[in-house]
Amino acid sequence: MAAILRTLNVTKRFGGLVAVDDFSFEIEEGSISSIIGPNGAGKTTFFNCITGFYTPEEGLIEFKGKQIQALRTDQVTKMGITRTYQNIRLFANMTALENILVGMHSRLKTWWPEAVIGNKRFRDEEKNALAKAQELLEFVNLKGLGDQLARNLPYGAQRRVEIARALASEPDLLLLDEPTAGMNTQESAELTDFIRNLRDESGITVLLIEHDMRVVMGISEKITVLDYGSKIAEGKPKEIQNNPKVIEAYLGRGAASGLEFSAA
Amino acid sequence: MAMLEVKNIHTYYGNIHALKGVSLHVDQGEIVTLIGANGAGKTTTLRTISGLLKPRQGTIFLNGDDLTKYPDHEIVYQGIAMVPEGRGVFSRLTVLENIELGAYSRSDRGEIEANTQRVFQMFPRLEERAKQVAGTLSGGEQQMLATGRALMANPKILLMDEPSMGLAPILVEGVFDTIVEINKEGTTILLVEQNALMALQVADRGYVIQTGEIVLNDTAENLRRNPEVQSAYLGIN
Amino acid sequence: MSTLTQPKLPTSERFSQLFGKYIYIAVGIIIVILLIGRIIFVARQESYPLSYWTFQVINGLVLGGVYALVALGYTLVYGILFMINFAHGEVLMMGGFAGFFALQYMTSIGWANGTALQSTLTIVFMMLAGMIVSVITGIVLERLAYRPLRGAPRLVPLISAIGASFFLQYTALLVFGAVPHNYRKPSVIDGVWKLGDSGIIISYTGAFIFITSILMLLGLFIIVQRTKMGKAMRAVAEDKHIAALMGIDVNKVIVFTFALGSALAGAGGVMLGLHNTVIRFNTGFLPGLKAFTAAVLGGIGNVLGAMIGSLLLGLLEALGPSALGLPTEYKDVIAFSVLVLVLIFRPSGIVGEVLSEKKA
Amino acid sequence: GGGASDAGNTGDAGDAGDAGMQEPTFGGASLADFEGAAGFVVVAPGDPIRLGASAALTGPIPEFGLDIAQSYQLGVHDVNAAGGILGHELEIDIQDGACDGDAATVVANGFAADPSIVAVAGGTCTGETFGLQPILQQAMIPHVTSSATNPKVTSEDCTVCNRVALNDDLQASVVAPYMFNELGLTQIAVMHDNGDYGLGLAELVQGYFEAAGGTVVAFEGIQVGDTDFRAALTKIAASEPEAIYFGGYATEGGLIAAQMEEVGLGEAIFFSDDGVYGQAFIDAAGAAAEGAFVSFPIGDEAAELNEAFDAAYEEMFGIAPDDQGPFHAQAYDAIALLADAIGRAAVADDAGLGYLLIERAALIEAIRATESLQGLSGVLTCNAIGDCGAGGIQIFQVQDGAFVQVSGFGMD
Amino acid sequence: MKIKDGIRAGFIALGILIYLDLIGLPKTFGSSMVVTFAVIVFLFSLFSLRTKPAEAPAPLPSVLVNGLIIGVITGLGFALITFGFASLQAQDVKVTDVFAQISHENIEALTGVDKVALREGQSVVPGLTKLAGYFILAGVLGGVITQFPASKVLHIGDEEKRSSARYWLMLALPFLLFAFFLALRIEGVDIGGSEENSFGLVLIYACIAAALFAVREVKAGVHKIGFSALIVALVLVIPQLTDLKQNAILGAVMIFVIMGIGLNIVVGFAGLLDLGYVAFFAVGAYTYALISSPESYIVVNLPWFEGLNFWAGLPIAVLLGAAAGIMLGIPVLRMRGDYLAIVTLGFGEIIRLLLLNLRDYTGGPGGILEIPSPNLFGLDLGNPKGILYLGMAFAVIVTFFTIRLRDSSLGRAWVALREDEDVAEAMGINLVAIKLMAFASGAAFAALGGTLYAARQVNIFPDNFALDVSINVLSLIIIGGIGSIEGVVLGSIALIGLPEILRSVDEYRIVAFGALLVIMMILRPEGFLPSTRRARELHEADLDSPAEFEG
C-alpha cells in the first residue's frame, strides 16, 4: 500500500521552544496508526501542522502526492483531511444535524446567488445533504438525536457527533486527538470498536493521539512515539510496549496504563 | 463524627437537575473516592461542596459547621481546598504566583513560607520552574502546580477532580503516588476519578455515582471486587 | 521519501496564500515608504525649526497624558471583565463636575487664589472631590448596570454600557445644565514656563498632567504587580471561579478595579478641567473614545500598553498633521488610520495581550 | 397631505354652528370654502393662533437651543401680554430639532400635518433648517430662523424661507476690512470649528481679507468637542500671525483665546463672530478675553430694549440670557416679526364673530413685506429673498470684562 | 420581611425620587408631580414588599411596618431636601448654579409656594407636610395592597398554558388595535386627547408589534399563510391612513429596518461586532448624492453629466457600498472581538471625517444639497408616503435576500464562524470568503438605506453620519432580538419610532433611552423577539448558581 501522508523534517517552533523537531513520518493508506508521547511532546502541535492551523518553519508535508504544508486549514480539509479535538469542539448551540451539515460545507457546490434564487440545483443539493447527514447520524448510532443541541448531548454522544461531523466532509484521512479522553473504560472500548469498524467499512485512514494504552495497543497497526518533539520510537504495539526508551519516557511501570490488566 | 458530611444535596444547572439527593461522608485521614460515568455528577458534587454551586436543598457540614451558609470565596477559610477539573492554573501568572495565590486565604507569613518549601520539596519540578508562566507548563506539571497550590491553603480536606485526566501513563503514576503521600502527611482527601482502577487502589472507601445519585457505597476493596463495578468502570468482564 | 520537492502550488492557491499572509506585509511596507516619503517631502517644504517639533511633542505628551489616565481605567476593567466600559468617559465627566464645584467653593472662601499653601490645598481638595464622585459613579455603574450581566455574552454588557453612557451624559445635561462650566486655575498652577528664546512654552497644568499620569502609571503597576490585591485582580481576570476557590472575593476585587479605574478617571476629569478650563455634559465623550482607542492601540488589558498607546495617540494628533503637511482637521483621520494600520500588523496592539495565541 | 384634514378646529367650528350662531363669512365667501382648504387657516373664536418651532434642545449645542426656545416663549408671552393678535392669543409648539436635518424632517412633517400651524420659528442650526425647508415649502408654511446664517438658507427659490439673523457674507464683508484698515493687521490666521457656520464664515473672511490686501498665513480647523487646541495653535504660531480670526461658537472661541498665550500667541489679537458674542465667551476665556474683538449685529442703539428683555428673561427662567446663549434677541425678534406679519395678513370675518382667516400665501408675502420693525436686534426690514436681519454689524471689544462697542458699521 | 429590607427599599426609592427631582420633572410637569411621585412611592412599595414567590407570604403587620418605613423615609427625606433647597432659594442663593433644574418653579411645583411668597418668608412647611403625608400614605397603601389576592397577578406565572382563547386573541390583537386606530379618525371621537397624532402612531406601533408576535406564534400551514397575507394587506394600507408626520416617522423607521437587517447579517449571523456601520450608510448616501445632485462636485465639474436619477443612482450606490464593505473587511479579517469593534468604529469615524474635511468634493460641513427624490413612472415618491412605500418595498427585498442566505450553507457557515472560528475553518469553510460576504451584504444594505435616506432628506451633511447612527442600529437589533428579522422591525419601532413621539419631551427622551438599554439588557438580554438560536446562546450562562459557569 502507498503512503497517504508523508512528512519530512517537520519543525515547528514557538519562540525558543521547539515543539516539533525535525519529524519525519509516513502512514499507509487504509491503516490505523497512533502517535503517543508524554504531555507536551508536540503531538497536538503536529496535528495542527498537518491541518494547516500552524505552518511549520521547516519541512514538507505531502498528502496524496501533493504538498500541503502551506495551505490554509479549509484548503487542507477540501483535500481530504479532517480532525477532531482534544477537548470536544462542537458548535455548541447548533443541533447535532446542523453540526454535521456544517461539516459537509466543503462538499457543497452551489453558489450563494443560487440560494437566493432558490433554483432546483440548490434545492436538490440541500435535500441530499440533509439525507446524507441523517445517514451519518445513524452511522454513529445517534439516530433520532439530530434535533438536540450539541451541548445538551451526553459526552460520549458529543464525541461521536464530532466524528460524524468530521466524516461529513468525506475525508480520506481522519485525525483523532485523544478521542477517549474523559471516557470510562467501557465507553473507550465502544469507541475503539467504532473506529475499527469505520476503517473496515469505508477504508478511511485513521491517525490518532491517545494516552489510553488499552485503546492504543488494541487498535493501532503502527505506533510512533514522540518526546520533546522528536521521534524516539516507531513500530508495532508489541515492540513499543517493550521499548525501554518508551517505558522510561512514557509508559512507566505500566500500572496506570491498564496494560497489567489486559495482560492478566 | 465524620469530618465532612454531605446530606441529601440537590443541585441544578438552570433547569437541569444534576444532583438528586447526594449524601456522603468523609472521615478524618481518609482517602475517599467518587467514581462514575461521564456526566454522572462527580464534578458537580465537588463544586457544590466547595461553594461554587449552591444546592437548592440539602446541607454540607464540615466538623459540624454548615458550609452552605458561606459564600463561595469563604469556603476555603473553613478548611476546604479544591484541585479543579482540567487543572485550572492561572496560566498567565508565574508558577510562584500561582502558589502564592493558593495561600491567599492565609496571612501567617512565616507559616506560608514553610508551606511553600514543603510544596517545593514534594514537587521539585515546580521549584525549578518557579519563574515560568504557568500556561507554558506541560500537562503533568500543571497538575502538580494545581495540587501544590491547593495544599498551600493548608486545608483540612482536599477535593481533587480527575487529577489524572489527559496525563501520560508515567505521570498518572506520579499523581497517585503524590496523593498517597499527601494523605500520609495528614490531609484528608476526596478524590474524583475516571480512572477507577487506580483510584480504588489508593482509596480507603468509595462511592459510585450515577446520574446524580449515589448508587453504591463500600470499602475500596469491596468495590474492586464488585462485578458490576468491574464491568462498568474497570473494564473487566 | 527524499523525493519530496519544493512546494508547487496551483496559481490560484498561491495567490490566496499571498493574499492571506504576504499582502499585509507588502501593503504595510508600501504604506510606510509612502509615509516616510511624504514626511521628508513636507519637512523639506515647510522647514519648521526643531523647536517647533519639540513644542508639538510636548503638546502631544500632555494630550497623551490625559488619554492615559482614562485609558488605564478602560484597560483595568477590560483586563478583568473583558468588557468595554463605554461609560468610562462619563465617569471622568462626573469627576470633572465635582472638581468644578469644589473649586467654586474654594474660590468663594478665597483659598483658590490665596497663599501658595491654600491654593495647593485647593487642588488637592478638587482632586479628592473629583475622585470620590467618580469612584461612586463607577461603583454604582458596576453594581446596577454591569454586575447583573456578568457571564452574559459580550454584546450584552456593551449595550448596557452604551445605555449607561447616554444616561449619565444626559443626566448631567439635565442636572447641571447645558452651559459650559469654566474652571479658573488656582493661582499656584496658573502660569507657564518659557524655555529661553526657543519659543517653547510649558504650562504648569500641562506638566502637572504629564507627571501625574506617569506617577499614576507607576502606582498602578505596583498595585497590580506587587500587592496581594493586584495578584487577586490578575487571578480574577483569568478565572473567576478558580479565584473564588482560592478564597478571593471576586465581587470585591471587581468593585476595587472599578474604583481604581474610576479614581484615575476622576483625577483625569479634574486635570482636564484645570488644563483646558471647561467641563460640560459631553466633555467625557471624546476623551473617552480616544482613550479607548489608545488602550486598544497599546493592547487592551495591558497597563503598559494603555500608557504607550495613549502617548502615541497624543503625539500622532499633535505631530501628524504637520508632519504630513495636512491641516489640523485631519488629526483624527491620521490617528484612526494609524490605529487601523497598527492593528492590521499587530492584531493585538503594540504591546499586545499576554494571552498566547494557541488555537487548537 | 390630504390625510390630516380632521384637525381640532373642525370640531369647534361645528360647536359654534350648533349653538345656532350666525355662519361667518369672509369677504362674502362662506367659512366652508376655507375650512380645511389647503392654502388657508381658519382660527375659531377663542382659539389661539398656533406657531411651530424647531429648536436644538439636544445635540451638540443644546444651550443655544434652550436659549432660543426660551426666547420664543418669552416672545409669545409678550405678544399675548400686549393683547395678542386681533383678539387671539399666540401659542407655540416647540419641538426638538436637535441641530440635525434628520430630526428636522420629522418635526417639519409634524407641522405640515397639523393644519392649525400658521408659521414656524427656527431652526437653530443650518442643517436643521435645511431639513425643515423642503417640507415647509411644500406645505406653504413660512419659517423664520434666528440663528442659521449660512448664505444658502435664503434664496430666490424658497418663498417660505426667512431669517432675522444676518447673512454671514455681510458679517465677513464688514469684519475683514475692519481688521485690515482699522486695526492695521496685515497677517492673520483664520480658524474655524469645521462646522457649517464656522467654516462658511471663516472662508468668507479669508476671501474678504485677502481682497482687502492682507495675507492669511494659516487656515486651520478644530473639532467641536475637543478642548485642547494647543497643537493647532502651535502650528499657527509658527506662521507668526498678528491676529487669529475664529469662525465658530463661544466655548471653542473662549478656549482658543485662553490657550493662545500658552503657545506664544499672547500678543496676537483674537477676533471672532456673533456665535462667540456673549458672557459665555468671557467666562470661557477668562483673563485672555481682555482685548478680544467680536462682531455682533446688535448695537448699543437697542440697548434699552435689550435691558428690559434681559430682566424679563431672567425673571422667567432664572438665568441671564447672555449666560445661556447668543441668539436670544434674534429669536425674540423672530416671534415679533411673525406676529407682526400675521397681524397684517389675517382677516377677521365680516360680521366680527371672532373668526380669523389666514391665507398662507398672504402670510408669506406679508413677512417679506416687513419694514422697519423695531426689534431687539435692531430695525428689521425683509428683502426679496427673506433676509430680514437688522441691517448692521457692530464690532465689540472686551474691555474690563465686558463687551464695549468700538465700531458701528452698517448702522442706518 | 426584615425591617432592614424596608429601610433599604426606602432609601432606594428616595434616591429615585431625588434623581427625578434633580433632572427637573417637577418643574416641567408642575404640581401634578407631587401626585405622580406619590404613585411612584406606592408602586415601589408594592413591588418591594411583595414577597418572592418561593417564600411564604409575609404577615400583614410586618408588611405594614415596612410600608410605613418606606413612606416615612421617602416622605421625610424628600421633604427635608426640598426644604433645604427652598431655604437656599429664599436666601437668594442661586441653587441653579449647581443644580440647573432646582429653580423656583421646581419648589413651587412641590410646595405650592411661589417665588415672591418664598422671598417674603412664607413657610413651605405646610406644603411639605402634605407631601410627606402623601408619601407615607402611599407606602402604607402599598403594603396593604400586597395582601390582596389580586396583587398575586404581579407574579408572572411560570408556564401559562396557551389556551386556544389566548391563541385567537393573539391573532386578533393586531386587527383590534388597527380598528381602534381607525376609530380615532371618526369625527367627534377624541380618545387620545390633544396629542391624538402621537396617540394614533402609538396604536400603529402596537398594531405592528402585535402582528410580529402573532406571526411568530401562529401555527404553520394555512393559518400562517392566510394570517400573513392579512397582515401584509394591513401594513400596505397604513400609509394611506396616516398623516405626513406619522408617515415621515414610519419612513425613518423603515430606513433603520433596512440597515438593521444588514447589520444583523454582520453581527447577528456572522458574529462580527461592527461599531462603524454608519460608514456604509454614508457611502450609500454620499454616492447617490454625488452622482445625482446638480450641486455636487461631480455634476458641477462634468459639463456633459447632468446627474443620474434615483433608479440609476441606486445600484451604483449599493455596489459601492458593497465594495466599501469588502475594503473594510480585508484588513480586519484577522482581528477578533473587541479589536474588530474598535477598528470598525475608527473606520466609521474616518469616513465621516473625510466627508467633513474633503470639502472640495463633498461640500464639507455644508453638505450636498438638492438631491433629487425618487420618481416611479411619473409618480413623485419624494414625500413621506412615497418614501415609506419605497422603504417597505426595499425592506421586503432585503428580508427575502437575507432569509434565503440564512437558510443556505452560507448561513450555516456564518453560525459556525460565530461559534468557533478555528473549527469552522477546519470544516472547510473559507473564512475570508464568508466574512467578506457578510461585510459586503451588510454594507450593501446599509448603502441602500443610505440612498433612500439621501433621497428623503434632499440635503445631507456629514453630521448625519456620526457614531450614534451605528449605536442606534446596533442597539435596535439587540433590543429587538438579535438574529431575527421581526426583531429588527420591533427594535426600530422601539428605538427609532417611539422616541420621535417623545420629541417634545426633549432631553428626557435620551435619559429614558439610556435607561431602557440598561434595563432591557438586565431583564431580557436576548431582546423582544430573538431568533431561537440566539436566545439559546444568551441563556447559556443563565444558571442557578452564585457565579455562572460559561462552558
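Letters A, B, C, D and E name the chains as they come in the text, with residue numbers starting at 1 for each one.
Here, a residue touches a chain if its C-beta (ideal position, glycine included) is under 8 Å from a C-beta of that chain, and two chains touch if they have at least 3 such contacts.
As the structure is a computational prediction, the values presented were derived from the model and not from experiment.
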Touching both subunit C and subunit D (chains): E
Chain pair with the most C-beta contacts: C-E
Distance from the mean Cα position of subunit C to that of subunit B, given in whole angstrom: 43
Euclidean distance of C-alpha centroids - subunit C vs subunit E, Å: 30
Geometric centre distance via CA averages, subunit E-subunit D, whole Å: 32
Cα-centroid distance, subunit B relative to subunit D, in whole angstrom: 76
Per-residue overlap in subunit D, given as positions that touch at least 2 other chains: 58, 62, 194, 221
Touching two or more other chains - residue numbers and ranges from subunit A: 51, 53, 72, 85-86
Touching two or more other chains - residues of subunit C: 16, 20, 170, 173, 177-178, 241, 244, 250, 327, 329, 332, 359-360
In the complex with subunit B, residue positions of subunit A that touch it: 17, 36-40, 86, 154-156, 178, 181-189, 211, 213-214, 249-258, 261
Residues on subunit B engaged by subunit A in the complex (per definition of touch): 37-39, 136-141, 162, 164-173, 176, 194-198, 231-236
Parts of subunit D lying in touch with subunit C, wherever the complex brings them together: 58, 60, 62-63, 66, 194, 219-223, 225-228, 230-232, 234-235, 237-238, 251, 254-255, 258-259, 261-264, 280, 283-284, 286, 323-324
Partner subunit E, residues of subunit C touching it in the complex: 16, 19-20, 24, 78, 82, 84, 101, 104, 144-145, 148-160, 162-171, 173-178, 240-241, 244, 250, 289, 292-293, 296, 300, 327, 329-330, 332-333, 336-337, 339-340, 343-344, 347-349, 359-360
In the complex with subunit D, residue positions of subunit C that touch it: 48, 52, 55-56, 59-60, 62-63, 66, 170, 173, 177-180, 182, 184, 192, 199, 201, 203, 206, 272, 275-278, 280, 282-283, 285-286, 317-318, 321-322, 327-329, 331-332
